[in-house]
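The following blocks contain the structures, represented as C-alpha cells.
There are two complexes below, and they share subunit A, which is joined by subunit B in the first and by subunit C in the second.
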Partner chain A sequence: MRKTGWKHALLIVFGLVMIYPLVWMLTRSFMSNIDILNPGAQVRFTLENYIDGWGSLRVPFGRFILNSVMVAGACILGNLISCTLAAYAFARLSFRWRGPLFALMLSTIMLPFHVTIIPQYILFYQLGLVGTYAPLILPKFLAVEAFFVFLMVQFMRGLPRTLDDAAALDGCGPLRTFWSVILPLCMPAVGVTAVFSFIWTWNDFFTPLLYLNSPEMYTVPMGLSTFQDSTGLSNYGALFAMSVLTLVPVFFVFLFAQRALVQGIATTGLK
Partner chain B sequence: MQQPGPGEQDGGIHVSVPVAALRGGGPKPHPGGRRSAVAYIFLLPWLVGVVGITALPMLASLYLSFTSYRLGGTPVWVGLGNYQRMLADPNFQASALVTVKYVFISVPLQLAFALAIAVMLNRGVRGLALYRSVYYLPSLLGGSVAVAVLWRQLFASNGLIPELAGRVGIHMGSWISDPDRALTTLIILNVWTFGSPMVIFLAGLRQIPAELLEAAAVDGASRWRRFWAVTMPLLTPVLFFNLILQLIGAFQAFTQAYIVSSGSGGPAGSTLFYTLYLFQVGFQSFEMGYASALAWILFVVIAIFTGINFIAARHWVHYES
Partner chain C sequence: MEQHDNIQILPEFGEIGALETRMGVAMSAGNLPDVFWVHANLFPQMVAEGHVMDLTDHLGQEIRNEGFTESILADGNYDGRQFAIPHGLQSPCTFAKVPLLEDLGIPIKTYPESYTWDEYADHARLVHEKLGPNFYGTDEPTSTGYYDPFRAWLRQHGEELYDTSGDVGFTAGTLTAWLEYWDELRASGAAVPPDIHRDDDPFFQGAPMIRNLAAFHLRNSNQIGELQKLSPEELVIMPLPGNGGDGTDNIFMFPNQLAVAASTKYPEEALQFVDFLLNDPERADIIGTTIGSPPTEQMRQAIAPNLDPAERLFLDYIGFEVEAGPRPMPPSPPTAGAFSGEMRDTLDAWAFGRTTVEEAVEHILGPAREQHLLGG
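For the complex of A and B:
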C-alpha cells in the first residue's frame, strides 16, 4: 500500500510538471502585460489579450482560423478517400505486382519528405500553383500520407473474409463490397485517420511556409509565426492568447477522440 | 464480377465452393485479367501520387543535386560540385553537428522517460486512463507553432524557467539567446513529447504474458530481475520500433528550431538544424541544386542509420518464434 502511494505521488507530481507550461501559458493569456512583467503583483483577469491579438495584424486572426479549417477539412476528405481506396485494393483484391507495390507503399512511410520537396516545389511552381492551397491539399487526394494506407490495410485485414465472400455471392462487385460492406466496418480506422489528419494538417507549418505567400491565405501556424515576428515579442499577452486559441481545437479533438488516438498509435505501432 | 453460385438463394452448404475460389487459396484467378484492372482503379490515386509526388521528384532531386539550378533557370551540370562544396561549407558542418547532437541526446532521453512511465503505469495502476492522457497530451501539441512559441517564452529572460531558478537563488539569463543553451531547450521540448512512444510501450507491455512473470516470481526472481530478464527481452521489438520512428522524426525536426530562432538558426548557429539550413539554401537563397544535394545527404544518412539499426537489431531484438 505504501509503495503504490509513493508511485501515485511521483506520477502526479511529474504529471503536473509536464502540464505546467501549458497552464502557465493559459493563465498568462488572461493577464495584462503589466501583470505578466510583475510576477508579484495582484493579478486581474482580463480578455484584452484576446481582443488585442485578434485584430493586431492587418489580417484578423479569425481569417487564419477559417483558412485552417478549410484546408484541414479538404485534407481530411482527401486522405479518407484516397487512403481507403488504396487500402481496400491492398487488403482485399489480388492484382499483378501486389507484393512489390505494397513494399513500395511501406517504404514511402519512412521516406524523409525533404528528399522530394524541392522538385515538388518546382512542379507546383511550373503549374502556377505556388500561392494557392493546391500544394497543401492535392497530395492528400493522392494518398501521399502512406501511413494512413497502412493503418487501414491493417484494420481491413482483421475483418473476416467471409463478409466479402457473402457480398460476392449476393452479386456485389468490388466497388459495392467496398462501399457497403467493408467501409462501414472500418469506421474506427476512418476515425483515427480523420483525427490524425486534422491534427497534422492543423499543426503543419512547413508546407504553408513554402507555398503560401499572401497573409490573407495563411493558415493558423503561419499566422502565429508572423504574429510572433511582428508584434509578439513586445506583446506577450496577446502572443499567448493567440497561441492558446490555436491549441484549443487540437485539445478538444484530443479530449473527445483520445480513445481512438491511443488505439491508433498502439495498433499501427505494433503492426 | 464473380458470378453468384447456383445455390445462392439457399446459402448453406453450396456456399463453400465459390468461397474457396474467391479466397485465392485454390486456383489463382488469372493475373492481369479483369480483377487486376479493377484493383488498379482503386489504386489509381495512390499510384499517381507515388509516381508523380514521390518517385519522380526523388529522381529529379538526385539529378538536380549534380547541377547548379535556380528557380526559373536551366540546370547546369556541375558533377560532384555541390557535394564538394559541402566539405568546405561551415554551415553544413555546423548544422550537421547540431542535428546529430539533438537526435542522439533527445531520442534516448525521450525513450527512457517513455519506458519508465509506461512501466510504472503498467502494473494495474488506478487512474491509468487519466495519467495516460496527461502524459500523452504534450506529444499531440508538441509539433505546433504555438508550443514552440511557448517554449521560447518559457526560457526567455523573463520566462518561467529563469523565474523559478531565481526563486531558489540561481540567476540566469535567457536560454534562448545563449548559444550554449538554446539547443538544450529544444532537446527538452522533444523529451517532453515522450507520450506517443509511451503509449506504444504500454500496448507492448500489455502483450507480455502474465504467466511468464508469475513463473519467474515463483522461481524467486526479484522485481528488478523479472523486469530485466523477462519484460525487457519481450519488449525489445517495441523498443526497436520506437527507436526507428523517433530517430527518423528527430532528424527531420524543423518547426521548433525555426520558431525559436525566427528562422535564423541562431544564436550563433546553435539551433541551425540541418533541415533549417536546407530550407534557407533552397527557399531563401533559391539555390535548389545545392539544396537537393543537402536533401540527398540527409536521406542517405537516415537510411544508413536505419540500416545500422536493423543490422544491430539482430543482436538485441528478441522476436518470439
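For the complex of A and C:
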C-alpha cells in the first residue's frame, strides 16, 4: 500500500509538472497584456484576448481553423487510403524486389526532413502548385508517410495467412481480400494512423509556411504566428487565447481516441 | 492599387524568422516574390547568386531617385551596382525616460551632442545607486545578440565589425575593452544582470526599461512610437554614446530595403511598384514610421504633420544622421549570419560567467572566425 502511495504521489507530481505550461497559458489567456508582462500586478479577469484574437487580424481566426480542418481531413483520408494499400502490398502480396523496396521505404524514415525540403519545393514550384493546398495534401495520397506504412505492415503481418487463403478459395482477388477481410481487422492500426495524421497535420507550421502565400489560406499555426509581427512586437494575450482554442480539437481527439490509440500501438508491436 | 487598376498586389507578411526561412527556400527554386523587403542576413547571398535585379540603370528612370543621398544608397550597393533601395531608415540609439533623468539631474544630450561611453557608465551607475538595488542603469546589448552599440564602439576606434574582404574588421584589444566595459557595469549594478534579459525578449514589452527595471535602453530608433505607447513616462531618443560631437562620422544606419527578384515575370510593374513605395506621399503617410523613416527629406516633410511628438523626435534624429553623411560601412559577408550566431552563443556564456573575457575573445577571433568567415 505504502509502495503504491509513493508511486501515485510521484505520478501526480510528474503530471503537475507536465500540465503546468498549459495551465499557465490558460490563465494568461484571460489576463490583459499589461498584467501578463507585470507578474506583480493585480490580475483582472478579461475575455478581451479571445475577442481580439478572433477578430483583430485581417482574416478572422475561424477561417484558419476551417482551413486546418479541411487540410487535416484531406491528409487523414490520403494517409488512410495510400498507407493501407501500400502496407497490404508489402505485407501480403508477392512481387519482385519486395524486400529491397520495403527497405528503401524504411530508409526514408531515417532521412532527415530538412534534406528533402528544397528538392520538394522545386518540384512543386515547377508543377505550378506553390500557393495551393496541393503540396500539403497530395503527398499523403502517395504513401510518403513511411512510418504509417510500417505500422500497418507490422499489424497485417500479425493476421493469420489462412484468412487470405480462405478468401482466395471463396474467389476473392487481392483488392477484395484487402477490402473485405484485411482492412476490417486493421481498425486499431487505422485508428492510430488517423489520430497521428490529425495531430501532426494540425500542428504543422513549416509546410504551410513554405507553400501558402495568401493569408486567406493560412492554417492555424500560421495564423498564430501572425500575432507576432515582423518587428518582433507581439500581442501575447491574443496569442495565448487563440493557442488555447487551437488545442481544444487536439484535446478532444485525444480524449475520444485514447482507447483506440493504446490498442493500436499495443497490437502493432510498436510498444 | 486604385491608381493602377491593372496591377494586383498580393501582400505576404509574417514573423521575421519565419519569413527568412521561407525566403531561403523560395530563393533556391528561383521563386522570390516580385518585390520584397530584404533581410540583411540573406541579402549578400541573394546578390552573389544572382537572385536580385540590378537596379542601377533603373534609378532616375522608372524609379525616381531625387533626394536619395549616396550614404543612404550605400547599403544596397554591391561592387558599384545598386541591388536594393532603402524604404525605411532606422539606426541604433539610446532611449531614456525623461522624468527619471530630470529627477537625478542627468543631462539629456541629443544631436549634435552625445554622452561619451564613460559618461554613459557614470550615469548608469548613478541610476543604480539612487534607485537600486533592483533598478539598473542600462540593459546590456551584446550578450543578447544586439551588436549595433558594439559596431559604434568599433567605428569610434577606427575599426569595423567586418572588413571589405569579409573577414572580421576588429582587433582582440577592442573587443576585450568592450567586454571589460560591460563586465564592470554589470558588477557595479549599472547594467542589468543577464538573467533579466532571459526572462523575455529584450525588446518592446520585454525591454528592461519598459518593464521598469532600467533607465536607458539601447535599440533601434524607429521603435520610439511603439515604446512610447508602452511607457507611461515620456521617452527621449539620444545618440549612441560617442556618436555625437566629433564622432558623427561614425553614425551608421540599417535601412529596411526593397529589392526586385531577378526572375520576376513583371519587371515593369515591379519597378513601378517600387517607385510607388518609395516616392508616393499618400503611401508614406499611411505607413508613417512603422518600418522606419522615409528615406527622403521630401517624404519626411509629407508625413510629419500627422505624427505624434515621439515619432517627430525620431524623424529629427534620422534627419540629422542623413545630413551628417556618415562614412560607409563595409557590407556583411554572406556567412555573417552564422558567424554572429556563434558570437552570440559565446557572449551568452561570457555574460553568465561560464567563460572569461580572454576565452570569449580567443574563440571569436579563433575557431568562430576560421569556421564561418575564412571557410575553414
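Heads up, the rule we're going with is that the second predicted complex is superposed on the first by the 233 of 271 C-alpha atoms of A that agree within 3 Å, B and C clash if a C-alpha of one lies under 4 Å from a C-alpha of the other, contacts with A are read in each partner's own complex, and residues count from 1 in each chain.
Note that in this section a contact is a pair of C-beta atoms (placed from the backbone, for glycine too) under 8 Å apart; a residue touches a chain by one contact, two chains touch by 3 or more.
If you're wondering where the values come from, they're calculated on a predicted model, not measured in any experiment.
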item	value
Which of subunit B and subunit C A:I81 touches, first, second, both or neither	first
First (subunit B), second (subunit C), both or neither touched by A:N213	second
First, second, both or neither for A:N203, with subunit B first and subunit C second	first
Touching partner for A:Y121 - first (subunit B), second (subunit C), both, neither	both
Touching partner for A:S225 - first (subunit B), second (subunit C), both, neither	both
Subunit B versus subunit C as contact partner of A:S243, first or second or both or neither	first
Touch count on subunit A, higher of subunit B and subunit C	B
Overlap of subunit C and subunit B interfaces on subunit A (superposed complexes)	37, 117-118, 121-122, 125, 205-206, 209-210, 225, 228-229, 232, 236
Residues of subunit A touching subunit C in the complex	33, 37-38, 117-118, 121-122, 125-126, 130, 205-206, 209-210, 213-215, 222, 225-226, 228-234, 236
Residues of subunit C that touch subunit A when the two form their complex	10, 12-16, 18-19, 21-22, 25-26, 28-31, 37, 200-201, 203-206, 211, 223, 226, 290
Subunit A contact footprint on subunit B (complex, rising order)	1-2, 4-5, 8, 11, 15, 18-19, 22-24, 28-29, 31-32, 35-36, 38-40, 42-46, 48-50, 52-54, 56-58, 60-61, 64, 71, 117, 120-121, 125-127, 131-138, 140-141, 143-147, 149-154, 158, 160, 163, 192, 196, 199-200, 202-204, 207, 238, 241-242, 244-245, 248, 251-252, 254-255, 258-259, 262, 275, 278-279, 282-283, 288, 291-292, 295-296, 298-299, 302, 306
List of subunit A residues in touch with subunit B within their complex	4, 7-8, 10-11, 14-15, 18-22, 24-25, 37, 39, 81-83, 85-86, 88-90, 93-96, 98, 101, 104-105, 108, 110-123, 125, 139, 141-144, 146, 149, 161-162, 164-165, 168-171, 173-175, 178, 199, 202-203, 205-206, 209-210, 220-221, 224-225, 228-229, 232, 236, 239-240, 243-244, 246-247, 250-251, 254, 258, 261-262, 265-267, 269-270
